[in-house]
Each structure stands twice: as structure tokens, then as C-alpha cells.
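Next up: the structures, one after another.
Next come two complexes, and both contain subunit A; in the first it sits with subunit B, in the second with subunit C.
Now for the complex of A and B:
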């Protein structure tokens, strides 16, 4: 089983690496991190905080864009191009195919994130602004990319790339605004209203779990428990999403 | 035990905007025996590709059962001994020929040294020995068909399913594919392929199945299906001075050679009787043979004349 998932993952990685959009995004990210230096000179505020904030935000945005734009096509493109027929005519379980595609993009994101992070850390090191907690921030950002990839894979099984990208990006935005549901629950008086908000809060992806940019930039110490909780949330929520994707793909008619 | 068996399979599709079902297969029952070459022919839209996808578990029947190597429902393990080439396969164009075959070989858990040897062997077998290091995006249509065929054989399968394998190939390519199919049969493999090219079917198939509008109209050995009766004789005559013959239809005339078609043995004897004393000679008598094409066209026309019925009355 692992050998087959591995084969699919490596093939997915190979396709992503040979995809031009990946290089475009990387070039932009590297450029933006470099731009942070210029920005810090023209804006009011601590140069160090601006560069760190901007750098982390760049890694965040470009990682999310990579996860979404490659993720949404992972399954749908194989179906559209009919390459999925030769694959699934092999002794390959459908869930192995889904997990392999996910693993391939996860590997691509490791490379992607590492390149952006290496450049970012180099810039900081040269300016003597490096802080080890930044590594924790990047790690949690990577967890976020994995969760978004899982969501993109789910939508890729369900619909066309365009719809899938809209829905995944929408969930990304919602995922960062879940604190507002909490506030709404407090303000509502009806019990069913409060209950509904609670349910939504649990069901929707809470991407704030992976966001420690603010704390790191302002030098607030990061608790190991916080990182452990983020990892646990990724595993639980991610498994639920991927499990749903596998279940849906199991009986999908490949016309 | 048949390698592949479909029992009373019904399959319908529903288009996105309509609630009406469109029936593609109506009560199809088919079994493929080990070691045979089975040709699956049919009109466009008859349901041949749908049947193949059902056989591989890519889609699922509305009713009836599909059993592959004795395993019903086509679980993943049943496909270990199968090789499949889809019609007009789109392949991973960023991979080279070798990478493509190696990837598919990994899915069978074949170890690295065996993979390397088999990839080399298969590239040679399909005539791509020197093209393995080029990306598939630079392959011609014929080359893509060949690499697709190589992929179908990567696991040395017992059952090879080919959907229009001759599509896009020139006559040399078609001959090579026919040779590969015959060679597979000589090693005891079973081949099930769909095609529009009836002459290929007549040349190599042990049995044939004719699918028209979702129903199997004829299945069996070609010589059983098409030689049930002799519809006509062709009589070649030489030295016929005048063209007056008591019966029959002149097919061709050149100098004093005449080719006449007669419908019955009685007519044939009447013509032969006129030869005596006329100076004419009999050159040959050949029974007309119905071809697979005649059967195909006859069944297709017969089916077109009957309105489509809902199979629900016949199901279960």
C-alpha cells in the first residue's frame, strides 16, 4: 500500500515541480521578501517588525496560493485528461490515489516553503534580526498549507477547478474569521442561534490555530503546547477532510 | 472459469439538466474465456467503452453483476492480472517514456532491477527503443498509442483489455499491434479488445461480440455467425460468345470472360447447362461468403428500425 501511495506522491511531486506556475510564485515570493527591506524604509515603525511581518505574510500568501492552485487540479485534472483511467485500472485502491496526490503536494509545499523560508532567514541573518521563534511560525504556516491542501483535494473530487478554487479560497477567508462566530454566539439570545454558531465554529476550519505571526513578530514567547495543539488539530481535522474525500471518490463514476 | 463475466448488466446515465435516464446497456451478459482473443464490435455509442469501464470497476452497474477473475464487484486486487489501454489515452506529457512506464510498474510493487529490465524490453517490443528518454509531449499520436500499449503490458497481464488499440496507427503499426496480440495469445493470455476495424477482427479473433444500442446482438465464433447459409454463388465463365444467359446477374465482363452471380443451385445448373455446345468453358464456381460487415450492417439497421425500449420491464 505504501509503495503505491509513494509512487503516486512522487509522480504528483514531479508534475508540480515541472509546472511553471510554481516557479512564478516562488520568484514573486522571493521578490516580495526582498521588497520588505525597501518597505521598511518608507513606513513608520520598527524596521525589524515590518520585515518579519511582511516576510511571514508573504510566505503565508504564496504557500496558500500554491496549495490552492495546484490542489484544486490534483484530482479533477486527472479525470478531465483521463489519465485516471490507466491508474485506476491498476491494483490501486481509490483511497491510495487520493492520499498519494495529497502527499505529493505536501512534498511540493515542503520544497516551496523551504526555499521561501531560506531566503527570508538569509535576509534576516544578514541584518542580524533572526529569531528562532520564526521557525515555529513557519512550521505552523506549513500546517495551515497542509490543511488547505486537504480541503482543495476534497473540492477537487467534487467539482470543476474554478468552483473548487472559489470554495477553497472562501473557506480560507472564513477560517481566519471564525473568531467573529464566537462573538456572534455571545451576542445572540436565542438558544438555537447560539447552538448553530457553536456547530459552525466546530465544523469550519479554524485557521487561526496556525497563526502565531503576531506573537512572534512582537517577541511573545511561544508555548510548546500551542504547537502541539496545532499539530493535533491538523491531524484530526485533516483526517476528517481526507477521509471524506476518499469516501466520496470511492463511488465516483469515472465517465 | 471465465476471466471476465458480465451478468444481465444494466447501465444508465443521467445528464445534468434532465431527470430522464439514458440507458446505455440493457441486460448485457457476456463471458470471456481464458486464452481467447475476443473482438468487441459495435456501432458508435453502442456502449463498448461503457462495458470496458464496467469490467474494470471505473463505473458501476445499475443492475446485474461484473466478475473479474472470479471476484465480483472488481475489487482492486482483481486488477493485478489485468492490463488496460483506454481509447485515445492522454498521458502525463511531462514524463519521459521510461519514467512513464517505470511509474506504472511501481504500482504493481515490481522491484527496481526488474522494472528497469521490463521497461527496456517493452520499449523495444512496441518499437520505441530509442525514444524512451524523450518527454511524452514530443511523441506523435502513433508513438503515444505504442507507449500506452507498453503500459498495458507492464505487469505481464493474464487479461489485456484494449479500447480501440489500432486507433491512430498506420498500417505498419496496426500489423505490429496484431502481431503483439497474437503473440500474447500464443503465451496463453486472454485479449479483449473493441474496434471499428472489422477486417482486423476477422483476421485474429477467436470470438466476436456485436453490440448495438446496448444489447448484444450476436456473439460467438466468426465462422458460426456468418456462414449459416450461402446467399449466392459466383460463376466465372470463359468463351461466352453472346451475353444471353437464362438467369443470374452479370457482375463483370472483360473480353470473353464473364462473372455471373446466381442465387440458387438450380439457377447455377441452368447456366452450366447452356455451356454445353456453346463453346464456353467453366472457369470456377465460388460460394459467396457473408462477411462480418454484412452481419454488422444488417443488425445495426434492424436495431435502428425498432424504437428504444426502457429496460426496466426486463430488469430483475
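Now for the complex of A and C:
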């Protein structure tokens, strides 16, 4: 089983790294990280915070865009090109196909995030501002990309690329606004309303779990347990999403 | 251009694109020129940082950076006459709400408020917020103390901030010295002497010990002369005459013991006038 998933993953990776959009996003990301240095020249006070904020935000934005724009086409493009029929005619389970696709994009994101992080760290090293804690923030950002990839794969099984990208980006926005549901629950008087908000808060993907950019930039020590809990959340929530995607793809009629 | 398009479509289209871009630049320049000088920047209509934080999707630190960078340019533009109208909103409600731990906006915002807008109380409100949001950063409380000392000449208030700053680990040694000095400025020489004596006793730095000694020297003379003159006055009220010598103050039970000056000598006493004097000269001469 693992060998088959591996084969799909490697092929997905090869396909993804040939994608023009990946290079376009990478070039933009590297340019944005470099631009932070120019921007920091017009500040009064510490330029370090601006360079770090800008670098982490760039990795975040371009990582999410990569996950969304490559992830949404993973399954639907195979169906569109009818290559999925050739693949599924082989001794390959549908869930292996989905897991392989996810693993392939996860690998692509490792390369993508590594390139952006390497450039970001190089800029910081040259400026004498390097802080090893930033690696923890990048690691959690990568966890976030993985969850978004899983969501993109799920929507890719369900819908067209455009609709899938809209839904994935919508869930990204919702995932960063979940804390407002808790605030809303406090203001509601009806018990069912409070319960509904609470259920939504717990069921929807909480992307705030993976956001420690602010703490890291301000030098707040990051507890290893925080990273471990975020990893556990990713594994459990990601498994649920991928499980749903596999189940949907199993039932999907491919004609 | 039509001829160029017909002869060589690719070159013609490139020419069209270039012309379009050039015209757009000209129109933009015209728009900039027609904008009235000192027009209020649209960013002044920014909602509070609490709401901006909600829509920043986790990029609140970056949004705070961007608005702070904009504010530096904006408040540095002396052509905008009403630029201070929204000063407290921009620094107190927007930037520091977006990123409460970003120290530069507190320090620079307070500087603009006090030095440029001549609003030291507004600056203190911003610094108070900074102190509360960053209880581990001595520099914010120090700035508040310095503003009270240098701008408002409110030495008791300055002492409060300097004390808060000096209690934070890593505070610069100067903070403690300013704290001690604020009591002197506020007229509480006894507390100032106590603080300067502690600095003198606890420091290993010869420079700091020398500075502290100078203050201790002068303050001790001031405090001793004040105490002795008060004792002489009380003696005079009780006996109907000034004491013949300072030792009489101890005999009469008015003073516990006679203090010696910083050089371990007796203070000079004039029995005719009841005046007590120091026989040396003050180091700082204040």
C-alpha cells in the first residue's frame, strides 16, 4: 500500500514542481522578503520586527496560495484529463490515490517552504537578526499549509477547481475568524444559539492554532507542548478531512 | 500607430501598451497635482485596531507595522496642518491595539505627542497603555518618567514611573539614580538621601559610587542642617533662648544625638543668632 501511495506522491510532486504557478509564487515570495529590508529603512526604531513580520507573513501567504492553487486541481485535473481512469485501472485503491496526491503536495510544500525560509533566514543572518525560535513559527505555518492542502483535496474531489478554490479560501478566512464565534456566543441569550456557536467553533478548522508569528517576533518563549498540541490537532483534523475526501472519492462515479 | 499595428502586430501592440502606460502615469501625476495640499489622508478613517485585528486574519503584526510606517511618514509631513487631529486614535486605538507588544509606536507616538503636538498628557496616556501591556519592558515606564520630569516637572509622578521602571529586571542603572533624584526635586530630601545611600552602598562601579557620594554628601548636609535648625527652634520655644551650644539639644532631650557632617566634623553653631552652618562647601552646589 505504502509503495503505491509513494508512487502517486512522487508523481504528484514531479507534476507540481513543473507547475509555472509554483515558481511565480516563489519568485514573488523571495522578492517580498527582500523588499522588507527596503521597507525597514523608513521606520523609526527597530527594523528587526518589520523584517521578521514581513518575512513570516510572506511565507504564510505564499504557502497558503501554493496549497490552494495546486491542491484544488489535484483530483479534478486527473478526472478532466481522464488520466484517473488509467490509474484506477491498475491495482490501486481510490483512497491510496487521494493519500498519494496529498503526500505529493505536502512534499512540494516542504520544498516551497524550505526555499522561502532559507532566503528569509539568510536575510536575517546577514542582518545579524537571526533567531532560532522563528523556525518554530515556520513549522506551525507548514502545519497550517498541510491542513489547507487536505481541505483543498477534499473540495477537489467534490467540485470544479474554481469552486474548490473559493471554498478552500473561504474556509481559510473562517479558520482565522473562529475566535469571533466564541465572542458571539457570549452575547447571545438563547441557549441553543450559544450551543450552536460552540459546536461551530469546535467543528470548523481552527487555523489560529498554528499562528505564533506574533509571539515569536516579540521573543516570547514558545512552549514545546504548544507545538505538540498543534501537531496533534493537525493529525486528527487532517485525518478527518482526508478520510472524508477518501470516502467521497470512493463513492464518486467516474464516467 | 495603426500603421505600426498593421505592419507588425506584435510591435504595434507593445507600442500601444507603452503608450497606455505613459498616459496612465501622466493622468496619475495630474491627479496628484490637483489634490489640495494638506488633504486629510483616507487612512485617518481607519476603524479601531480591535476591528482591524478581526479582519487581519492573523496578520495583525504586519498590519500594525504598515500603519506605523505610514504614520512616520504622515506625521513627518509638515505640509499637513491638521495632522495631529487623529494622533491619539492612530497610536492609541489602532497600532497599539493591533500589536500591544510593539514598543516603537508607544515611544515614537509619545514623542510626537509631547514634542510636536505639545500634548504631554496624551503622551502619558499612551505610555500608560504601553506600561500596562508590557510590564516586563522598563523603557516604556522610563520614558513616561522622563516625560514627567523633563516636560511636566511633576517630580512625584516621575518618581512613580522611575520606580516602576527600576523594578523591572534589566533596567538601566540610570533609572534608579533618576528615581532617587526625583525625591530631591520634589523636596523630599530624606527619601532621596536614603535612595542615594542605597545606590552608593550597593554599587561596585566607581563612577556610580562617585556620583552617588556627591548626592549623599549634599543631601546629608541639607537634612542635618534642617534637623538641627528645627531642634534649635524647638529649644528656643521651650527655653525662651537659643541653646548656648548644640550639645544642649541632647541634654534637653530634643535631639537624640548630634549628627556629624559628611567629613565627620561638627556643624558650626552661632549661639547669638541660633544659626547652624556647614563648615565645608557643597559638592554639587545646589
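Note that in this section the second predicted complex is superposed on the first by the 252 of 255 C-alpha atoms of A that agree within 3 Å, B and C clash if a C-alpha of one lies under 4 Å from a C-alpha of the other, contacts with A are read in each partner's own complex, and residues count from 1 in each chain.
One rule holds in what follows: a residue touches a chain if its C-beta (ideal position, glycine included) is under 8 Å from a C-beta of that chain, and two chains touch if they have at least 3 such contacts.
As the structure is a computational prediction, the values presented were derived from the model and not from experiment.
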Partner chain(s) touched by A:176 [first = subunit B, second = subunit C, both, neither]: second
Partner chain in contact with A:54 - subunit B first, subunit C second, else both or neither: second
Which of subunit B and subunit C A:218 touches, first, second, both or neither: second
Subunit B versus subunit C as contact partner of A:207, first or second or both or neither: second
Partner chain in contact with A:251 - subunit B first, subunit C second, else both or neither: first
Which superposed partner A:38 touches (first subunit B, second subunit C, both, neither): neither
Partner chain in contact with A:18 - subunit B first, subunit C second, else both or neither: first
Touching partner for A:3 - first (subunit B), second (subunit C), both, neither: first
First, second, both or neither for A:86, with subunit B first and subunit C second: first
In the complex with subunit B, residue positions of subunit A that touch it: 3-4, 6-8, 10-11, 14-15, 18, 81-83, 85-93, 251, 253-255
Subunit C residues within the subunit A interface of the complex: 54, 57-62, 65, 68-69, 72-73, 99, 101-104, 107-108
Interfacial residue positions of subunit B with respect to subunit A in the complex: 13, 53, 56-60, 76-80, 82, 84-86, 88-92, 94-95, 99, 103-104, 106-109, 148, 151, 155, 161
In the complex, subunit A residues that touch subunit C: 39, 42-46, 49-50, 53-54, 57, 60, 172-173, 176-177, 180, 207-208, 211, 213-214, 217-218
